[in-house]
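Same chain, two partners: chain A is paired with chain B first, then with chain C.
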Partner chain A sequence: MIFTILSVILILAGLIFFLGAAVGVVRFPDFYTRMHAAGKGDTLSSLLVLLGFSVYQLRDFQSFSESWIILLVILKLIAISTFFLITSPTSTHALMDAGWEDKVKPEIAKGRSNHLEEDAPKR
Partner chain B sequence: MEKETTNLTLYRAIVFGLLMVIWVIFSGLLDGFHLTLGLISCGLVTWMSSDLLFDDREIGVRDRLRQAARISVYLFWLLWQIVLANLHLLKVAFGSADLRQPQIVRYKTELKTDFEKFLLANSITLTPGTVTIKILGDTFYIHAINDFAAKGLDGEMDRRIGHIFEGSKSNVDAAGSEA
Partner chain C sequence: MITKVLATLAVVITGALLLYGTADFPAFGDPHSPASAGVEGGAPSISQYYITESYGDTKVPNLVTSVLADYRGYDTMFETVVIFAAGMAIFAILRVFRDEDDLEPNPTHTQGDRFIDGDHSRIIVGTTVRLVVPVIQLFALYVVAHGHHSPGGGFQGGVILGASFIIIALATDLGNALSRFSEKSYFTLAAVGILIYAGFGVLCQVLGSDFLDYGVLQKIFLTDGPEMARSHSMLGVEVGVAFTVTGIMFAIYANLSSRGTLKSGL
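After this line comes the complex of A and B, so read on.
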């Protein structure tokens, strides 16, 4: 029972972060800031949801000899989270870079810098 | 010369062992038939493409183990940073427009090898609020969503990643090109 409650809490926490990401996508002003929300609001949230799944798997854990298959499921979930941690920032970076190469204008706040504009090779 | 061949065999054995562990985790079937299939396919992959993993075989296995231990410590620190930064981004997403000051900043790194730069770029992108747009030489161009996120780039990540690879000799040259 305790494991079920704990997993529900973890999954709900993950969903709150997902909601934050979705709200960010709608509210942020330009392509680059929206990529912040879309590409990375989901790192912590998917980790939390997967962690919740792992904890839920533990609910009928008896002993190692009986329930080792549950541990394998948890290891698979960990493999999925590792995959997320590598692919999610890579794809976010690839999209942002593609946006820059495609001359999408970033919205820069007043008085803040855009060093890439100054340094980038002229095209 | 002698040492190099043992290193090579050892690396092959490690690659095979890693693949086999992954096979067992993903199959979950421990009967003779499936284990034999696993042995055959892991052996084939190791034979054909074991040099895709661990590109620099000059580094001793002891150094690799130390790197692995340090990387796990680093990952836990990074996870904690991700939690903190995600909480901040949640506030920005729901808060008013005053919380956003989008900007693109320069970030000079001391790191030399491609892998270190890859790790740093991915870590920067993982912590919400900052995304690496471009790497030109040893300068990173980072889009930060507000001043707080831009201030977070204080070189601590840089230092920690440098510490992981400290002390293990490597003769892979630093590639100055765009990553």
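After this line comes the complex of A and C, so read on.
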């Protein structure tokens, strides 16, 4: 019972972050901030949902000798989470980098300079 | 203009006929449809046979695999040939040879160490690819080898394996990927895959049975009965399919992304 409640809380938290990411993609002003919302929100919410799944698997865990197969499922979920943790931010970064290389202008408040432009290496 | 109107008319009429035809189909999952229940007084149901008998026939728990690689193995072999033909067509249409192409593609870029050392603007992508590609390739082999017991098999595993090389090409450049998996090797791999599949068929004929009737291969695999021989042979032909799909996946990417020159790429 406690595991079910805990997993529901985790999955709901993940869904809230998903909602935040979706709102961010629609509402943020330019390409980079939108990618920032998508990258961070997607990664964290996927991890939370997968963590909720693994907690849910624990609900009828008896003893190691009887229910080791549950641990196997959890191990697979952890492997998926690790894969996500590495690849999702990287794909966001690659998209951002492609946008920067393609000279997509970030939106900058009046009176502030784009320090990235000065730091950028000549390609 | 008139051709566009005619083409649209043809498409609309064909689509309407197809949609009209679907009205005669039995409902999805209907237990009384001929495919599920057989014809009354005629042929018994083939799906019932697969569901109840395929494990006894082949000792393969995943009945999709047993249908794909054994009951209709002939069909699957030519599906693999279609993929091979697609790769050959891409090669024939797109690949261009010029004099300067006889040199090694991108001679400065063939070093595998360029992932991190050479290009600091790509350190994040390069490191991730380094971490992830071995895992992807291992998973691809798992999907191929575990196709008997879980969803998967030669086509899926081959696509994953081919995609791992495409990731290398995307993260660095095409020359780097080609230094690992050259044009010669991917087309050889694709052809060898079909030869493995057809070889299993011919081997069955040599041992005195029909083409792709794996049961007779128990003389070679030294199994207890024809069932386990079928199981092992299915793994063999799945490996053949995976070879072909891997090679052709990467061949299509390499030719499309570089307009057939196999230089620089995206």
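Criterion: the second predicted complex is superposed on the first by the 115 of 123 C-alpha atoms of A that agree within 3 Å, B and C clash if a C-alpha of one lies under 4 Å from a C-alpha of the other, contacts with A are read in each partner's own complex, and residues count from 1 in each chain.
Methods note: a residue touches a chain if its C-beta (ideal position, glycine included) is under 8 Å from a C-beta of that chain, and two chains touch if they have at least 3 such contacts.
Small disclaimer: the values here were computed from a predicted structure and weren't measured.
Novice: Touch test for A:20: chain B only (first), chain C only (second), both, or neither?
Specialist: It touches chain B, and chain C stays clear.
Novice: Is A:83 touching the first partner chain B, the second partner chain C, both, or neither of them?
Specialist: Only chain C; A:83 stays clear of chain B.
Novice: Just to be sure I read the superposition right, which of the two partners does A:108 touch: chain B = first, chain C = second, or both, or neither?
Specialist: After superposing on A, A:108 lies in contact with chain B but is clear of chain C.
Novice: Using the touch definition from the top, say if A:97 reaches chain B (first), chain C (second), both or neither.
Specialist: Both partners, chain B and chain C.
Novice: Which partner, once the models are overlaid, touches more of chain A's residues, chain C or chain B?
Specialist: Partner touching more chain A residues in the overlay: B.
Novice: Now for A:36: first (chain B), second (chain C), both, or neither, which partner does it touch?
Specialist: So A:36 only meets chain B here.
Novice: Return the residues of chain A at which the contacts from chain B and from chain C coincide.
Specialist: Shared contact residues on chain A (touching chain B in one complex, chain C in the other): 86, 90, 93, 97.
Novice: Would you pull the chain C residues touching chain A in the complex into a rising list?
Specialist: 121-122, 124-125, 128, 131-132, 135
Novice: Which of the residues in chain A come into contact with chain C in the complex?
Specialist: 83, 86-87, 90, 93-94, 97, 121, 123
Novice: Hey, which residues of chain B end up touching chain A in the complex?
Specialist: These residues of chain B touch chain A: 22, 24-26, 28, 79, 82-83, 86, 89-90, 92-94, 97, 100-106, 121-123, 125-126, 128-129, 131-134, 136, 139, 141, 143, 145, 147.
Novice: Within their complex, state which residues of chain A touch chain B.
Specialist: It is residues 16-17, 20-21, 23-24, 27-30, 32-33, 35-37, 39-41, 43-45, 47, 69, 72, 75-76, 79, 85-86, 88-90, 92-93, 96-97, 100, 106-109, 112-117, 119-120 of chain A that touch chain B.
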